[in-house]
Amino acid sequence: MSHIFKPALDSIPAGIISLDDYEKSAREFIRHDILEYINGGVADDRSLHANRKVFQNYRLYNRVFNSFTETDTTVTLFNKTHPHPIFLAPVAHQGLVHPEAELATAAAASAMQAPMIISSLSNTPVADVSSQASTAWFQLYWQTNRRATSALLNNAIKAGCEAIVITLDAPVSGVRNRAQRAGFSLPAGLTEINLRDLPLPPPRVLNADDSPVLHGLMQDAPTVKDLRWLRKQTDLPLLAKGISHPSEAQIVTDLGFDGLIISNHGGRTLDNMPSPPELIPAIRQVIGPDIPLLLDSGIRRGTDIITALALGADAVCIGRPQMWGLAVAGALGVAHSVKILKEEMEIAMALTGSPTLTALTPDIFFSENSSEYQTSQSFACGD
Amino acid sequence: MSHIFKPALDSIPAGIISLDDYEKSAREFIRHDILEYINGGVADDRSLHANRKVFQNYRLYNRVFNSFTETDTTVTLFNKTHPHPIFLAPVAHQGLVHPEAELATAAAASAMQAPMIISSLSNTPVADVSSQASTAWFQLYWQTNRRATSALLNNAIKAGCEAIVITLDAPVSGVRNRAQRAGFSLPAGLTEINLRDLPLPPPRVLNADDSPVLHGLMQDAPTVKDLRWLRKQTDLPLLAKGISHPSEAQIVTDLGFDGLIISNHGGRTLDNMPSPPELIPAIRQVIGPDIPLLLDSGIRRGTDIITALALGADAVCIGRPQMWGLAVAGALGVAHSVKILKEEMEIAMALTGSPTLTALTPDIFFSENSSEYQTSQSFACGD
Amino acid sequence: MSHIFKPALDSIPAGIISLDDYEKSAREFIRHDILEYINGGVADDRSLHANRKVFQNYRLYNRVFNSFTETDTTVTLFNKTHPHPIFLAPVAHQGLVHPEAELATAAAASAMQAPMIISSLSNTPVADVSSQASTAWFQLYWQTNRRATSALLNNAIKAGCEAIVITLDAPVSGVRNRAQRAGFSLPAGLTEINLRDLPLPPPRVLNADDSPVLHGLMQDAPTVKDLRWLRKQTDLPLLAKGISHPSEAQIVTDLGFDGLIISNHGGRTLDNMPSPPELIPAIRQVIGPDIPLLLDSGIRRGTDIITALALGADAVCIGRPQMWGLAVAGALGVAHSVKILKEEMEIAMALTGSPTLTALTPDIFFSENSSEYQTSQSFACGD
Amino acid sequence: MSHIFKPALDSIPAGIISLDDYEKSAREFIRHDILEYINGGVADDRSLHANRKVFQNYRLYNRVFNSFTETDTTVTLFNKTHPHPIFLAPVAHQGLVHPEAELATAAAASAMQAPMIISSLSNTPVADVSSQASTAWFQLYWQTNRRATSALLNNAIKAGCEAIVITLDAPVSGVRNRAQRAGFSLPAGLTEINLRDLPLPPPRVLNADDSPVLHGLMQDAPTVKDLRWLRKQTDLPLLAKGISHPSEAQIVTDLGFDGLIISNHGGRTLDNMPSPPELIPAIRQVIGPDIPLLLDSGIRRGTDIITALALGADAVCIGRPQMWGLAVAGALGVAHSVKILKEEMEIAMALTGSPTLTALTPDIFFSENSSEYQTSQSFACGD
């Protein structure tokens, strides 16, 4: 497989001091078509670009008078406490960029005590990966029917995964034009190893006029009944990834799910979508304050993390940065990326006067409306 | 005529996977002045660019819990059911880009079962074109007086066209600076063959100080009385193309017209116009839910189609993409373009949780206002 | 003087079909420092760029059902009727770009029957210019005191000027960084010929700490009393140019002035100013419907003209385009520029369904707010 | 030290006529890594860019009828009158760009009678600098504990500084990616001379898991109690720099501070911050009309100054322009920069009809809302 990437470095090159630097550097290590598959969004990349740009809308007040006698960056989810709120999102096919693939990522996750959500589509068996990570969750793709899904789920449970995340927003693949134009296909030798030997049904037979999407793939997507069934298959914490509408968030919690990951799949499914920060407040309002909510898609800076948490998230996930870090410097690169984010987050907490994660509320945001109001009026002072 | 275009290909080149790819590829096949005529808008191209950019304003929720047991992409207009809502807008002078001209387009329309609206200004006799298309409508330009118009109309009716679309927004040509700068004029050998032998009156004589626009062309534009007369000339469904203001949409339906095509002529008449998606809701509100409404101008993606339908359109038209497809690969290119759009539309339906076209309502749109409201307030949870 | 410009052409080059084309072409005919003086605004050119960009905010409905039986593009001001509403703004030092200077412009004005407002700072005596123009107005700069101002005014009256426009917005010159960086100064041989021999007072003596602006130039600016005096010096129509605030428009009409030219001096005085289209409605509201109002600054397209008139202006002025036309093709270039605008205006009138200038009202504008409202709601149809 | 900069010029080059010109020219005089340290902001430079862009939001009316019989550009703060409201912000390490460092700046400040706020981190002893400046204030950084801070403060008092400005917004350094990428570190030979010999405590010992930011630096930041103590250490006017939130402005005045400098540290601490002009009105409203308020960050034009004052500031500070001026032409360059700003300010006052600084109120601003309102309605004239 060595022909698909340039060997990663043994140390972090000087000048790599932010996640954007990793993104730039990674271009030299990853073959073009694979890079386009990883970095591309769908169609015109509008969702992709919006995911970064949206954070500009959340302007931050600095504050200087809050006490830092007690500080706390830990987050406790499902009775386990993590030292910081930075999680590793499920990222498929990490073998595309590094020979050690998910094992290297798990080593980094362990070093940084960042929970790792292992993808159904990992190139390394889930049990091997989870044994390396300090906290391993499993990302579950519905496998056409309950029997196959159950097999995949139980394999993850047996591997010691501590929570299950079912991804709901990708029953069909998005219009991945960048990957297609670059001629991307999965290199020979990389396998979806967790899916091998699943008891899948025979392929669906379609009529000539049937839509492969509507009459095909969509008929294999999980229904509400399937999710109700799934809920009963495990006592592990169960999270739904890829819900956007508040009413569907309500359905998920009514089904007895334990948490949500708000994500637009890194801009990889539907174009023209709202970005997760825009979605969080309304969803938090619907589900109440206690259900864990993670934000995925677009996190690249410490200020992004505190913004997400102030909007109502409990933790955040990073996706593509794992692949960039892996490509540039293997486990070291992934660990360094998490470390950069953690340090930036602490600086952002310090400067916004937020000694703890719970201090992060919408009060940290500057609202333009108030200032516009005031400039269009003479202001009355005093009394 | 071969000197005005490079021969089209016999197959679709790899890497052409979206309508934008066709647009780029077509530049190599079409002579510069003709390309500028086709692709240009008017004046500063503001209407043209707005037609694409406007779709960014309609942000789409993904949804995962709607049932896809029943799916349906058909649209029924005037008692005929079409398998999808993608129509071919009237496009003049298709001989500019391919030797088979409108005949190739009709073959593609037939293959994809896309209704084709044949232009008054086709380079192929309307009867020849309509005989190739599975559904042929005729686009009628008013011909100075009723007698000539009647002759043109009756020719189309005789040719078996199933509906008549009168274009109302181009009584004068727009300020086509790009075509003018490129020195475009219709190549010798291309004729407006349907207009030959029409009983046109002698050219209007103007005084020296008269405006060729206001005293000339505008005096030959059809009046409301003319349209009332036109309505009586045929029992075929009659649609008006190029109405923007709700009050004029009302006039059209009061006249007994059967449908509207909302269009800004691809940004080719008046600059600084609103774009069709912005116009549809108010017009739909005025005319009620039952009158067929098509949206033309700017459709390039499946997400554009579901946006148009959610705003109140029943179907959409594509214009320039026909010319790009023709230039690159003839009938094959046009058919492929429709196929791309149809597949993208089905994916967009799947991901927005819309199993049928009737499921497309404004509920698919994310409204920024609601999220802004929520971020500027602390949110109350629970109860 | 031939060294400061390249000789103008005897005919219009093909490809010059809009005012923007003249702007581009003029770069080849005008020496760099002079071009920067002409085209530059002040400071960061924000007012300059806003003057063009602002017109994008006024989106135009096309309309197709209005009657064009009666059409009219004439505008009557001060009992004289002009065939169209395009005036030539006062532009100083036309000798910078053409040897015939203002005489060529006057010939063009006469050919196109466009009123010409002769600048105080013309390089040709006002009497020579006014004798060539079909309608000549005079632009008056206050000359430090009443005696000198009176001399300049009477010279213009004697020359047959039919109205007087006093420019009020430039008591000090703006921060003309582009001209300064290019090292512009008035070439030897070009004189402000109308100002020669005026009875100016000796230069004001300033203390070392005095501000040349506040204690110098501003002390020589005309006061309200001076303007009251000025009003009594002539029975000719008297207009004020360069008023922005509605309350100052009220003062001008209270003083008995006959009209206003709303302008930000082509973005050449104060940066960060609102643009004239933004100012017109509030001023029109204050002064009532009958007082003539002209809009100057940023007019480059026929759609700009109908926008200005719909907002409340009676006519528009063009400034820099005169210099571009002169530089490229002398009188012919200026006349052609006016002709282009007039034709574009007629097309815009035709397509917006406006047979006369009085038909241009805010009804031609599309308002985004209404459509946004409608997309964020399900719409109720019928009843 | 000569290797870190190119010798400054003895005169101002032609073509340097604005602060932006100094910025461009300075690139040739300053070593790349130092330039990045000086010009860079934090993270993605969003706060940095916003500081300039924000001024575009404040559109200025010109006015022509206000009397300039009495004009006044002086500002009186703490019983001392300054001829203009342009102050020199504290800028650390001026030895990075010129061998005379802060002494050259002080000479310029004296020549222009601009108060100079000497940085704690100057490369020249505060007493040497203050003796050269016509008005010297001292910028105080908290030095871990009261004893060291007291020593630094008393040194400044002894040096004759007339006011004390404590900077509160930088308890930790921002994410200075541009400086880091360029490999910047303080060149050998440049010392923070005022901090030498301070009685600092031994470095804080951290546990392995402790955050250097939250458990380290933030524990050494001054508390409200520390500031209450500080207030008692001097009768000099005491100002707080780096407060953004109105509630914290209230705390500062409740503590008995005499003034505020509203600043986002030139975009060098927290990214995504609001800009000072957006913050001023709400803060002014809270603290009342009498407490001196200075605006720092982003001032580059005379129009910026009058905008700041109209929003509620009493004076403004410039930061980076000092370094550009120093690098290009030493004291002469700094003095020239202040002179440019003062002249631009006077021109902006003249053109907005503001004879005095007290005439600068929100009335100088054009509000887009009013014009939008009017264009979306037919306007009623008259009565």
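A, B, C and D are the chain letters, set down in written order, and residue numbers restart from 1 in every chain.
We take it that a contact is a pair of C-beta atoms (placed from the backbone, for glycine too) under 8 Å apart; a residue touches a chain by one contact, two chains touch by 3 or more.
Note that this is a predicted model, so its numbers are computed, not measured.
Asker: Among the chains, which one keeps its Cα centre farthest from the Cα centre of chain B?
Answerer: D
Asker: Same residues or different residues: which describes how chain C and chain D meet, taking over half shared numbers as same?
Answerer: different
Asker: Note the rotational component of the Cα superposition from chain A to chain D, reported as an angle of 0 to 180 degrees in steps of 5.
Answerer: 90
Asker: Measuring centre to centre with CA averages, how many angstrom lie between chain C and chain D?
Answerer: 40
Asker: When the C-alpha atoms of chain A and chain C are each averaged to a single point, how far apart are the two points in Å?
Answerer: 57
Asker: Give the residues of chain C that touch two or more other chains, as numbers and ranges in rising order.
Answerer: Chain C, residues with two or more chain partners: 58.
Asker: Which two-chain combinations qualify as touching?
Answerer: All chain pairs meeting the touch criterion are A-B, A-D, B-C, C-D.
Asker: Please output the residues of chain C touching chain B within their complex, sorted ascending.
Answerer: It comes out as residues 14-15, 17-18, 20-21, 55-56, 58-65, 67-68, 71, 73, 83, 301-303, 307, 343-344, 346-352, 355, 366, 368, 370-371, 374-382.
Asker: Can you name the residues of chain D that touch chain A in the complex?
Answerer: Its residues touching chain A are 43-44, 46, 58, 168-169, 171-175, 177, 180-181, 183, 209, 211, 213-215, 217-219, 221, 223-224, 242-245, 248, 251, 264, 269-274, 278-279, 281-282, 284-285, 288-289, 311-312, 361-363, 365, 367, 369.
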